[in-house]
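One chain, subunit A, appears in both complexes that follow, with subunit B as partner in the first and subunit C in the second.
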Partner chain A sequence: MSVARVNVVYKGNEQVISEVRTVKEILEKLGINPNSVIVTVEDELVAEDYVLKNGDKVKIIDVISGG
Partner chain B sequence: MKCKKCTKKAVINLKSYNLSLCAEHFEDFFVEKTRETIKRYKLFSKNDIVIVAISGGKDSLALWYVLKLLGYKTHGFHIDLGIKFNNYSEISKQKVINFSEKNGLPVSIVSLKESFGFTIDEYKKMGQRTACATCGIIKRYLLNDFTRKTGADCLATGHNLDDETAVLLGNLLNWQMGYLKRQHPKLPASYGYFAPRVKPFCERTEKETAAYSFLKKIDYVQDECPYSENASSIFYKKIMNEIEQRSAGTKLRFLRGFIDNKKFFSEERGVEERLDICLNCGQPTVSSPCAFCRIVQRFQKVISSERRES
Partner chain C sequence: MEYARWSRQILIFENGVKDQEKLLKARITVVGAGGLGSALLMYTVAAGIRNIQLIEHQRVEESNLNRQILYGEGDINTSKALAAKRKLLEIDSQANVEVVEKKVEDSEKEIILFDPDILIDCSDNLEARRFLNRIAHIIKKPFLYAMVEGFSGMLSVVYPYESACFECAFFGKVQKEGTTPILGATAGFAGALEASLAVQIILGKKPLFGELLSIDLNKPSLQTLKVNRRKDCYVCGEG
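Presenting the complex of A and B:
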């Protein structure tokens, strides 16, 4: 598994994250609990072990609501 | 990771079930588990008419969708709260209408402004209570009122496992015995006035309902209500998710354990606290007028004194 450089959108902010292999590693880098989000890559739902490619568009969607 | 049921790529890993599933098999799992919850807690039957409280958020719309798939008779009920910030109420209402039309599901909508002359915004401006405390009273009242008056059998809400365990944790930490007594996936009818309330998603995590809504392309309101101020509920959800991450299945065990041991939190069965009757609307209440009528009256008083001054 080689490392990738990907675009990540989270809470309306876009950022480039490099040196990551899987979605799980992105979440770890950003300190996000996997139970509190769903993640899409190129608009497809993916599990945390999803292996990233250079340039992947990753979206992290918060699922926790207040109230 | 591959789906446990076929060879396709898994889109979700459900650690508490030790299960990775592809989109199709996750959708089946989600619907089947909801069916099991309805059976486990005897929430309602195929003959019942179920009113579904629809906010326009992911949980309520997904619930409505799944209940339809399972063949239950449902009718949606939405309250237009009149919240103008971010166009919140208008967007919510529109999403509810679109969803109902797209799926051929009937919905009734009550506008606070049209029915009672005020909106949550206007009430908030009076600054008497926090918006959520007032809003909660109004929603509970109107949902029960609608369920009763239509003669439906119960009222279903989209509360999920994260909601339920966050509330449970908060109630236990503060030993809120009154609330603990009343927390259950199925609250039976009471006082010959309050309709049964049921929570078919109480064992589905918030992540599952979000994943299901995403896969089913359910167009829900993503923005939070601008008045959302329940920071403690979000805090408790975070804590529960931390524990879940260390020990998968904790949330479900926590809720089920509580329900199995419910007797420790209940009074003698069948004994209802004595209540008065609201002289204005007839609802059983600790003291008349009931909380809802007091809100309406307070607003009308402010309006009429403003008129006199101008």
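Presenting the complex of A and C:
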């Protein structure tokens, strides 16, 4: 598994994160609890073990639960 | 049957009056008559969905009034389910609203007995949605859910054993602690969207199949995200 450089949007801020292999590593780098968010790559929901490719567009969305 | 009340919507239905008759015969179970439920219930009843099971056990509080537009000041400290029923009967006196004043987790028997065509989540917590997702897979009926907070919303429909279920998307996720901040209009927007989806489902369509709609009313923007079924899902998977 090689490292990738990806675009990450979280809470309206866009940033480039490099040297990551999986979604899990992005969340670790940003200090985000994986149980509090869902993550999409190219607008498709993915699991934490998803293997990233260079240039992937990643979105991290807070889980909400109100009604 | 007098159809004047629904004449403007019959104009958009593919099968006109026949589609209206489907709505009149449909049965929905609605869990929660809060911010989502207020909009959902008023729009579904106004659309002619007359057979409603409403599961709600709370009382109206003053802090509900920014978003729970079924209620007014005079309803504070009274039963939400009964106040909601009164309001819905003002909209359509022929509506049949069966009230279940229990927590949803204790209402399995009532839901199965009612035999709804759709289960509609307007609750305020993940556990209620996990429960409804399981019931939907028992009775094999579509499960429509929405979640809101602040200016944000998420909304989807589960078609049991066909499309991704609630757990395929949210397994292991946890709810934030404390009071949920919310603009009334956010809940109203998502609840109205649920009502529109409920009408489409009753008319035989499958909106948001395998899709999660992400709502951001701050921008504002709507985004459709793809959600796949998980083979290892403990509710809908092959397990």
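In this text, the second predicted complex is superposed on the first by the 63 of 67 C-alpha atoms of A that agree within 3 Å, B and C clash if a C-alpha of one lies under 4 Å from a C-alpha of the other, contacts with A are read in each partner's own complex, and residues count from 1 in each chain.
Following the convention adopted for this analysis, a contact is a pair of C-beta atoms (placed from the backbone, for glycine too) under 8 Å apart; a residue touches a chain by one contact, two chains touch by 3 or more.
Note that the coordinates shown come from a computational prediction; the quantities given were computed from them, not determined experimentally.
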Does the superposition put A:G31 against subunit B (first), subunit C (second), both, or neither? neither
Taking the superposition on A as described, I'd like to know which of subunit B and subunit C A:V63 touches: first, second, both or neither. both
If you stack the two complexes on chain A, which partner ends up touching A:D49: first (subunit B), second (subunit C), both, or neither? first
Which holds for A:T40: it touches subunit B only (first), subunit C only (second), both, or neither? both
Once the two structures are fitted together, what part of subunit A is touched by subunit B and by subunit C alike? 33, 35-36, 38, 40, 44-45, 47, 61, 63-67
So, in the complex, the side of subunit A touching subunit C is made of residues 33, 35-36, 38, 40, 43-45, 47, 61-67
Given the complex with subunit A, which residues does subunit B contribute to the contact? 1, 9-13, 20, 23, 57-59, 132, 162, 205-207, 209-211, 214-215, 224-225, 228-231, 233-234, 237-238, 241-242, 244-245
Subunit A partner contacts - residues on subunit C that touch it in the complex: 32, 34-37, 121-126, 129, 146-150, 152-154, 169-170, 172-176, 180, 182, 187, 212, 214, 223-228, 230
Show me the residue ranges of subunit A that touch subunit B in the complex, using the header's touch definition. 33-38, 40, 44-49, 61, 63-67
